[in-house]
Every structure is written in C-alpha cells, then in structure tokens.
C-alpha cells in the first residue's frame, strides 16, 4: 500500500502563473520522482518600481514515497 | 423573479488552466442555457511519468433556471 | 518604519485571467505608487448569451504608504 | 435508509433577504419534494443606478431522494 | 479586569431570522446578565411537508463573567 | 475596461439587519457612485443593559472606479 | 476531454460513519455511473431519546459526465 | 419556542474514532438531556513511544435547553 | 477514559496580548481545574480617544471534566 | 446613525509583534480619527541573512466615518 | 527546548478510514521517531468501475526533531 | 529562477509567544539556510498543574532551495 507525501513549494516566473507552476514542478523533479498531482494554493505578483517583476505560484505537490 | 442554480464541474485541458475552464463551460452548454458567471474554485495539475498530463479547473457555474 | 496598506480591486479583461490581473494593477498605478505585491483572491468568468464575455480577477494590492 | 441530496440556489426579491430565501424555496418546490432544511450561504444586495434593486440569498437546500 | 465568556445557542421562530435571534437572546437572559454582543453564526430554515416551519439562527453570545 | 474597488463598512440600525445594510449603503452613497453590489460579511447585535441596542451589518461594497 | 461533475449527498446508517458513506455511494450508483472519488465533507450523529439513532456522512461525489 | 445550546467536547478511546465520539456522548449524558445531534469537528490520534495510544474526536454537541 | 471540554473566553489587559491571555486563564482557574491547553483564537486592540485602551485575546480553553 | 469603515494595514517593527501593531496604529492616526478597534489578521517575521529583520502585523482597523 | 515538525501524508487502505490512517503512521515510522500526534485533514474514497477501491486519509503528523 | 520551500514547525518557550517563534527559527537554522519569512499559523499555551508551562507557536517557514 503506497503512501503519498505532500510538500509545499513557491515557484516563480517573469512570464505568467502557469510558468510559475511549471518552475516549481521542474525544481521538485530534481530530487523527487512519482509526482502525482499538484494543487495551486495561491497566486501572487511581485512588483518592483511599480512594474510586474515576477509571477509566483504557491503549490502543494503530492508524490509517492518510494521504498 | 428568476432563480439561479449553481453546479460544480471539473474541466480538463492539456494546454493550460484557462482552457480547462473553457472545457467545463463548453460541456455545460451542451445541456444548460443562460449561464451567468463561473467561479474558479481551484486549479490542479495531473502528472503522469513525472510530466504534466492535464491542467484541471474546478468551477462553480451559475445559470438561470428556465420555466 | 514604513506602513503598508492593502486594498481590494476587481480587474477585467476579455483575454484571460492574467490580463485581468494586469488591468487591476494598471488602474491602481494611476493613483498609487510603491506597489509591492498583489495577491489573487479569486478568478471569475462573466458570461453573456452563453459566451465568455469577460475574465475577472479579484486582487488584494499591497503598497507602501508615502509621507 | 434514505439519502439526502443538497443543491445550491440563488433566490432574489426586491423586498428583502427573507423573501429572497422564500423565492428560492418556491422555485425548488416546482420540481422537488421532501425538502428538509435550507441553509443560508450568503446574502447580497444588487444595486442599479445606486439604488437597491434586488436582495439575493444563496441557499443550500437539502431534500430526500425519492425512489 | 473583566473576562468575557462566549456561548453558542440556536434560536427558533416561525416568523423570521430576526425573531429567531431575539428568542436566543431572550432564553440566554433567563440565566445570564451583562450580555455585550451577539454574533450571527448562520441562518437556517426548517421545512415540514415542504412548508417553512421554523427559521433558525445559530448565534454566539458574549457576556461579562460576574464575580 | 473598468475596474471595481471593494471597501468594507459596518452599518447600524436599531430596527433590524436589513436597515443596518441600508444605512451602510446610504453612507457610502454620500461619497461614492456606481455601486454595483453589496455582500453581507456578517451580522451582529449590540446589547446595552441586556436589551438590544443596535443591529450591525458588516458589508463589502463593490463600486466602479471613475475616471 | 471528459468533464467531471460534483454532487453533494448525505448518507445515513445506524452502524457507523463508513456505512453512512457507503449508503450515499449505493444511492448514487442507482442513477450515476463512472464515479471517480468521494470526499467526506463532514460526519454527524443524530440522537433520539438521548441514544444514537443514525450516523450521517455528508459527501461530495465526483463522476464523469457521459455523452 | 425551544432554544438549543452547543458545547464542544473531546472524547477519547484506544479503539477507534467512532468509540471516541461515543465516549464524548456518554460523558455528556451524565449531566445533559435532550441531545439532538453531534457534529464531528475533527479527529486526532495521540501517539506514545511511536505507538497509537488514543483516538480522539472533538465534537460539537447540540441539546435542548430545559426549563 | 477522560473527556475534555472546551470553552471560549476573552481576556483583557492594558499591557499586551500575552497578559490578556493570562487574565483569561486566571479567570478560568477560579472555577475550573485541570486546564490542559489554551488556543489563541484571535487578538484585538480596543481604542479610546484614539489611544490603545486594552489588548484583548479570545482564547479556547481545554480542561478535563472531573467526576 | 454612524457608519464604521474598515481598512487593512501592515505595520512593522524590529522589536516585536506588539510594536508592529502599534506602528500600524500610529500611521493610521496621522490621517484618521475615531479608531475604535484593531483586529490582528496575522503575524509574520521577515528574515535577512538568516537573522530576524522585522516583525510584521497585518491588522484590520475600524474607525467611525466623520461627517 | 524541543522543536516539533509537521509533515503531511496520505495513507490508503481497502478496509476503511482508520486503517488508512494507520498505514500513513506505519510508513512514517520507517524514517521518523518520536511521533506525538496525528491530525486527520480529510477522508476520501477512491472508486474503480463504480466499486470502492481504496479509503484514503490525508493526515498531518507531528514529531519531535531529534539532535 | 529560485524556488522556495515551506515547512511547518512548532517552537516552544516558557517565556512567551515571540520567544517560541524564535526557537522554531533557531532550530530551523541548524539545517537550513536562506530563510526568507516566517508566518505565525497559531499560538497555544500548554498548562501543567493549572500553571502555564510553555508557550507554543506553530509557524510556516519559507526558505530558498539551494542548488
């Protein structure tokens, strides 16, 4: 019976929210395998000098725990 | 005095969150008319072999009840 | 010690959710400076004649209070 | 063992919140029987030309599923 | 330094939500004094034979603890 | 593309919850135009000498930002 | 691209919470196919003469919309 | 017009969640009558030496106030 | 098997939030024993003539029910 | 009948959470009068070089609208 | 002064919700010690061919950080 | 593009809530670098023999993932 673990990451991208989600997944894949689903917890925009600098996506990532 | 009904659907698309919302609306339009507004309840990404397989949008859809 | 104020806006765009967020930010910049970050509170789609008319983004906008 | 189903409706009335709840119930009774209870989810006021046009009540309505 | 205690009651009335709130307060006053404020937690309608039987108000009641 | 702003007010009335909502709207209309909708956030009752002194309605008021 | 619909049911059983969930699923299967997952929204116990009469489970049931 | 009061209890059992709910009800019945329904607020497991020691159920118990 | 009861109190102090929590606990100890833990529900500051008059802490207090 | 308005501010202090709340109130007093109460929405700590740089308090501030 | 860490796991069992919680705990014990308590975040049922395939429990597990 | 990870810790101190937050941060710094911000999730007080034994702060800690 497999167990699933959830972790929370914040991904960023200057291009948009979907790209920010993808960056979080790319980062997670460097150390994890068997990611099953990724929930968006919230979206934010970071500003600098009153211009959009970065889109951010906080995500909860569920993956199978390997043995 | 019209009454509005709300239903909850989950739309999917391999292309992105906005497309997933649109698919839920397209599906709803096959059986419903007079849709007034659609709230995004949450966004998820389904993974397969550690690649993004599908973007999902859970939406709440409000439509006029016809008589 | 600076103080940050938060206000809530709803931006709209016929093109998509990200554009709706940007419109809210553009509007805010007409009267405010020093915006630091923008949280997405929720996304909605307005329908007209059962077609998508407008994407809406309710956002919470944080900016430095100037003296 | 009976099963109860819940549906969500938005009722409207120019007279007040209680009337808006009643309209949602009246509408539901046209197609449903055995309504057991009705929870108020939230109340809203719609404005037109800066005057109150309509009171709205979003309600969750629980009814026995008939066989 | 006075301490305030909160209790939760559900008041009922066949007449409406405000009356249901008042009944909860009237009941509380039989055993408590120094009630300071009453928050509405939620409103419900109980149905019988598909007619409105009772309006219910769940309230949180704050009162000064006497010594 | 118009932008909508949301503000939060607490209206009061010795007569009831609906009147409290109306007072908040009346107050808002002294300085704002183009109010579109008003959400009830919560209802409270203020007590004095264990009698109901005031009904209060916290509301969120959405209005078009004028240019 | 399939669309999933969510409905809310309350199942009951004198035996326990898991049985109450199963009854809601059994009822749903009389009219629906392709149920994918069932979330427990909350559990309640109904009492009669101060004895446990019924366990209740409010569930949200997700199923594929067929064409 | 009867008034209902709500209280919050945490029941425990080494056997399981349903038994923990029952223990909370049994305890309540020592001092209260006319319990109408019991909502499960949350479930917890207490551990000792990395073994399950106790199942806990926080419940909200609604009973008629007697006169 | 012991049962735990939860009550909600609001403690006040002109000195700060921690003192407000302590006052609520001190008050509770006048009539209760076997308090196990105290959750902070929220903190507020009461103002008078635009000066801080009182810090308030709403707390949920869990204690063993004695037999 | 007075109306109360709520605004949201984030105050900061290198000294602690209570000081951060006070700074938000001090800032508000430069432009507002008749502040009645201040709710703490949440507390955060900002870090720099892995040392605590600033305590932050997001607060909701309620004040009487003057005429 | 010990510090406690919280992690989120999803345990599964074809037998029931309690077994699903136990599986999550068993899995956690393979790599962690000093587990203190386990909160149930939510319960789900996975279906296959319209039959119950698996009970799932999402849990939050608190354990002492060892040095 | 850096990714941020969030973890949840519970820090304790016999002295107060702020010290409890600091202990959680101190513990985290033994194994993590590049902590950016720390959200307070909730505060609790543990009692022993009806005296305050420990202040506890559950915090969510955000740090840059290093490569």
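Which chain is which? They are A, B, C, D, E, F, G, H, I, J, K and L, in the order written, and residues in each are numbered from 1.
We adopt the following convention: contacts are C-beta pairs under 8 Å (C-beta built on N, C-alpha and C of every residue); 3 or more make two chains touch, one makes a residue touch a chain.
If you're wondering where the values come from, they're calculated on a predicted model, not measured in any experiment.
S.K.: Please identify which of A-K, B-C or B-G repeats the interface of E-F; the criterion is that more than half of the contact pairs agree.
M.R.: Of the listed pairs A-K, B-C or B-G, the one copying the E-F interface is B-C.
S.K.: Indicate the whole-number Å distance between the mean C-alpha point of subunit E and the mean C-alpha point of subunit K.
M.R.: One centre to the other, that is 39 Å.
S.K.: Based only on mean CA positions, could you tell me how far subunit D sits from subunit G in angstrom?
M.R.: Their C-alpha centroids are separated by 23 Å.
S.K.: Could you give the separation in Å between the centres of subunit D and subunit L, each centre being the mean of its C-alpha atoms?
M.R.: Each chain's C-alpha centroid was found; their separation is 45 Å.
S.K.: Two or more other chains in contact with one residue: find those residues in subunit G.
M.R.: Correct list: 7, 17.
S.K.: Once the touch criterion is applied, which pairs of chains come out as touching?
M.R.: Going through each pair of chains, those in contact are A-B, A-C, A-K, A-L, B-C, B-D, B-G, C-F, C-J, D-E, D-F, D-G, E-F, E-H, E-I, F-J, G-H, G-K, H-I, H-K, I-J, I-L, J-L, K-L.
S.K.: Provide the residue numbers of subunit E that touch subunit F in the complex, in ascending order.
M.R.: Where subunit E meets subunit F, its residues are 17-18, 21-22, 25, 29, 33-40.
S.K.: Applying the document's contact rule, which stretches of subunit A touch subunit C when the two form their complex?
M.R.: 16-17, 42-47, 50, 52, 55
S.K.: Under the definition above, what is the set of subunit I residues touching subunit H in their complex?
M.R.: 1-7, 62, 65, 67
S.K.: What part of subunit D is in contact with subunit B in the complex they form?
M.R.: Counting only subunit D, the residues touching subunit B are 7-13, 23-24, 27-28, 30, 58.
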